[in-house]
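Note that chain A is present in both complexes that follow, paired respectively with chain B and with chain C.
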Partner chain A sequence: MTTNELLFGVFPYVAVALMVVVAVIRWRRHPFSVSSLSSQLLESRQLYWGSIPFHWGISLILTGHLLALIVPRGFELWNGEPLRLYLLEATGLALGLWAAFGIFMLAYRRHTNSRVKAVTSPMDHLIVLIIGAQIVTGIWIAVGYRWGSFWGTSVFVPYVRSILVFDPKPEYVDPLPFVLQTHAFLFWVFLAVFSFSRLVHIITLPLGYLTRPWQKVVRMRETPAVYHPAAEKPLERTQ
Partner chain B sequence: MRVRAQMSMLFHLDKCIGCHTCSVACKNLWTDREGAEYMWWNNVETRPGTGYPTGWEDQDHYKGGWHRDDKGRLKLTLHSKAGGLGKLFYNPSLPELDDYYDPFTFKYGDLFDTPRSDHQPTAVPISKITGEQMEIKGGPNWDDDLGGSEIYARNDLSLEGVDDTVRAQMEEIERVVFNYLPRICNHCLNPACVAACPSGAIYKRGEDGVVLVNEDKCRGWRMCVAACPYKKVYYNWGTGKSEKCILCFPRMETGQAPACAHSCVGRIRYMGVLLYDADKIEEVVSRPDDELLDAQMDAILDPYDERVITAAKAAGIDDGWIDSAQQSPVYKFVKEWGMALPLHPEYRTAAMMFYVPPLSPVISTIERNMVDLDIPDERVDFELLDELDKARLPVQYLANLFSVGDQEPIRFALRTMLAVRTYKRRQSVDGTIDASTIEMLASAGLTEERAEDIYKLTTIPTLDDRFVFPPYHREMSIEAMEDVMLHKGAAGFGSLEAPRRGA
Partner chain C sequence: MTEENDTTPGGTMSRSRLLIGVAGLALLLAGVSAQTGGAAASTSTAAVLAQDDAVAAGAAVYADNCATCHQATGLGIVGTFPPLVGNPNAADAEYVEETVRNGLSGPLEVLGVTYNGEMASFSDLSDDDIASVVAFVGSLADRDPSAGPSTDPDAIEPGDIGEGRDLFQGSNRLDNGGAACASCHVAGEVGNLGGWSLGPDLTGSVETFGGEAGLTGWLGSPASPTMSPIFDDKAITPNEIADIVAFLGDAPTQSRPSDPGDGLILAGAAGFLVLLGGMAIAWRGMRQTYAERLRSKR
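After this line comes the complex of A and B, so read on.
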């Protein structure tokens, strides 16, 4: 097996398996451990400058990548007009720089504020490193290998799709420059550490909040006679 | 009518001596842990003062509670649902640790380990979070007994509307006045913390109204901390989960009073069941400011009323609870005697812990020889009733705390207490009750019988008089369906997992 096959053909499956299996185990057996682990109580001002740019920047960029994977044709059509290509690329780059500023602030805060340091684990440093490197390589690609939104759909999308349909084609990324390969590989690393780190909070995004009633009343007893309609339902069993 | 039961606590502020025993009992039982050092689920504030966390009543800053919008609709002050999700990454209304205080201990080891020198070794203060040496700048009751202080007392928001000369007097050394305000979670009927929680981790128990955080579902979005207008939900910086007063439900379920209430030295706390109409909650908290208090009182139901009893049974409330509601000392103070009020009803959460306003500072102002009232000695007792405006602790201040600025409910409660006190003094000192005393009682809306009842429950209640707990019937609750051995050796709260911080 070549290094290429190992890193881009086998490792992705290991990474995804780790992510899914560990997330399920953690969710079911250790729900207490799942938290955003916010440190805003300990330090607020620097967090404002770090958290908001980073989270919004990275979320929007991730959405863009996901869209490219789902509707590559849409991107190609959009980019058919140079002006629209420049617009998309400029937006992407701006968001990338915004996110980079954010993660820099967050990393700086984690290393300098003594209160935040007290709640920082080695895993926190590792994920800041992975995401930071991911953002830096992303910006590098955007600047150095122009119009990624244009060629990306024919280079990365077939590769990721080949993984998704269980017909891995690691050779698709083999001829790519080192930076591009790093960017792709770091994504799989990101997935591999996902469920072992605080990154799990991403899948707890509480969208149900939008539709639930404001108040929540829960009854302890199992006697069906006491159930009242609507909001009052029996305590969900966790075990 | 949809009847529900609420375990309510009553604080008789006239009896509070500000000893903090309640806080210490609670701290020892629940929050003596890493990440929770700064939390005081029960705290006692010196008022006027800014409280803990500092300035918690400033809802322009913290955005706690609910408000009525221009069209009279009820709105959560913190956020709309979509707006709340938008603020997950950074919550601008969240208090910071320094708004509470940096929890500290002292480096006692240095007293033993320091090498011999010409100077005494000292134990320097260190932060319980960072372990580093620190300068102590605050504590949970930093302004304890600092009545009249320029930094704390003067900045109490509830002094609004109090006459400027009176406020100036309150800062004069010989006129300084303060009272104590013990606070726990109010276990509201319309809790803002529950409404603000994006994860749906916080809920109100249907049986007894205790508001709890499901620690397994909490994801640390910390909206509850900002949304609670009383700042009684706390974020554990260690575990990344929110925590709050649980009204000692494991104790209540076994017939014991919560630790704070049980340990109360002044015996100021009472507990009992209140029945209320859950259908009315939304309407109650949507009323204009001046109707809020009456509306909430209306929603609390008479446990002797046959219709209420029938509806309660239909809602699954058993006879033991109904009987308990009839014996409830809280019901007597709140509804029968009208002496107790919720804290800051204008927050529209329908708080269910009640306070009897403090009387002592009022009477001390117009004791003979201190302030010349121009009243013949034999009339002094009676005239006190009508001199509440000369009270050292302004009635308006208490009204801002307990009745949305309306002095009438405060005056009623204070007059009731004064009348009972005078009546009992006449009875025990003079040995006879004359017509004028009966007349005085009547002017405060009291009969001799009621005055005796109030006296008994206020002054000489036994433990069983103060705490009336319903049978919880744990044998019928969810635990009966589970393997109890499953929980052996696990941490409390029914969790199978030790509460450790996740990665």
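After this line comes the complex of A and C, so read on.
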């Protein structure tokens, strides 16, 4: 087995398996750990300039990647007109830079703010590193190996689809430049560490919040209120 | 932000870790078996071409190293790349090995056609690979070339430059759904906001391939490692090839739009600044927390 087959034909399955199996075990044994430890009450200003750009930027870009996987032909038709291609790529680059700015702010905050530092685990640093590297290689590709939204539909889409249908075709990735291979590999690493880290909070997307009435979290120095009798529902903090 | 505020309990993880380890190992094995299954399927196509193992192995080496010029069919391109099918030299194992190791240049007559090209040395191939590719090429020598060369220069219909440009940049889709050339390449006036791209600049590609016939033949089954998985089952049709070749033939005379500032980076950076600006405006409305407001009322 070649290195390429190992990294891009076998490892994806290990990564996805780890993600699913560990998430289930964690959910069953430590349901309250399936979350991301919020540090908003410890520091909110830098969090705003880190969390908002990072989360919106990365979510929109991830959505774009997923859309390309689902409707690659739509991307090809859209990109057939150069102006539309430029618009899409420039938008992607702007969102990528935004997300990069955000993850840099978050990393800076985790390293410099002593209150945030106190609740930071080594795994937090690791995933900031992985996601940071993922964003940097993404920007690198967007600028240096154009046009990702165009060739991606012929290179990465069939590759990822081959993984999904259990007929791995790592040969799609084999001839690509190192940066592109790194970007693809880091995605599988991301899935592998997903359930071991705070990334697991992604599967807890609180869709109920869309229909729930507004709720304000109030913290007063004098009264450490955990349960507010005026709230419509008791807060789910039974631990 | 709406993040939960739970703490991660420590300890009592050893049994789950063990479970995770076992599950991971099981899935690793499953992955390995899936992978070897896939590899077996892909080599079976080579086995069709050849009877014994050496020839089968040689077919894979051939596809990776030789098919770019001599074509997947072994028929070459008339006047540009000599055919191996029916070529008496191909049956001479020593001659083939010498050629693979040291390359070949200068005039050469094969099946009545004179070639004057240059073949690079493939001395970086392993001895095993060379032995197997020599066996494979030897098996081609016995075949009947009556199927004719893959490309007869006289049979090419003149393509349309404008149609070719539309196909190149993807304004018109390739019939069989292959990727538009501009996904990865720039050429002539199709310049990609500054010109960087995944694949090489194709402006001079007609010359690189020794004329329009050479490029036409190559596009019939693109054999580069990046292109072959994409186009193997999405062949570019002969009419499309003629148009694309016409466009590429005209490309050296076209002027690329000047883009000294590199539009993509500028546009991306501008969008980024707009996003930050929007955030700065939003921040003014959310600077005070509820607790801070309560305190300020006292």
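The rule is simple: the second predicted complex is superposed on the first by the 209 of 239 C-alpha atoms of A that agree within 3 Å, B and C clash if a C-alpha of one lies under 4 Å from a C-alpha of the other, contacts with A are read in each partner's own complex, and residues count from 1 in each chain.
Keep this in mind: a contact is a pair of C-beta atoms (placed from the backbone, for glycine too) under 8 Å apart; a residue touches a chain by one contact, two chains touch by 3 or more.
Everything numeric in this text was worked out from a predicted model, so none of it was measured.
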- prompt: After superposition on the shared chain, which partner residues are touched by A:Ser114: those of chain B (first), chain C (second), both, or neither?
  reply: first
Field: chain B versus chain C as contact partner of A:Leu210, first or second or both or neither
entry: first
Message: With both complexes superposed on chain A, which partner does A:Leu42 reach: first (chain B), second (chain C), both or neither?
response: first
- prompt: Should A:Tyr13 be classified as contacting the first partner (chain B), the second (chain C), both, or neither?
  reply: second
- prompt: Which partner does A:Gly74 contact after superposing on A: first (chain B), second (chain C), both, neither?
  reply: neither
Task: Return first, second, both or neither, reflecting whether A:Ser197 touches chain B, chain C, both chains, or no partner chain.
output: first
- prompt: Quick one: chain B or chain C, who's touching more of chain A?
  reply: C
Message: Tell me the contact category for A:Tyr145 with respect to chain B and chain C: first, second, both or neither.
response: second
Query: In the superposed arrangement, which partner chain does A:Thr153 touch: chain B (first), chain C (second), both, or neither?
result: second
Message: Show me the chain A residues, by the header's touch rule, that chain B contacts in one structure and chain C contacts in the other.
response: 30, 32-33, 35-38, 40-41, 44, 47-48, 51-52, 121, 201, 204, 206, 209, 216-220, 237, 239
Statement: chain C contacts chain A in the complex at 1-9, 16, 19-20, 23-24, 26-28, 30-32, 34-36, 38-39, 42, 169-173, 177-180, 182-184, 190, 192-193, 196-198, 224-226, 229-230, 263-265, 267-272, 274-276, 279, 283, 286, 289-291, 294
Residues of chain A that touch chain B when the two form their complex: 30-44, 47-48, 51-52, 55-56, 114-115, 117-119, 121, 123, 196-198, 200-201, 204-210, 212, 214-223, 225-226, 228, 232, 234-235, 237-239
Message: Give the list of chain B residues in touch with chain A in this complex.
response: 2, 76, 81-82, 84-85, 88-92, 94-97, 127, 129-132, 190-191, 194-195, 197-200, 202-207, 215-222, 225, 235, 237-241, 315-316, 473, 476-478, 480-482, 486, 495-497, 499-503
Field: Interfacial residue positions of chain A with respect to chain C in the complex
entry: 1, 5, 9-14, 17-18, 21-22, 25-26, 29-30, 32-33, 35-38, 40-41, 44, 47-49, 51-53, 73, 76-77, 79-82, 86, 89-98, 101, 121, 142-147, 150-151, 153-155, 158, 166-169, 171-172, 174-177, 180, 201, 204, 206, 209, 216-220, 237, 239
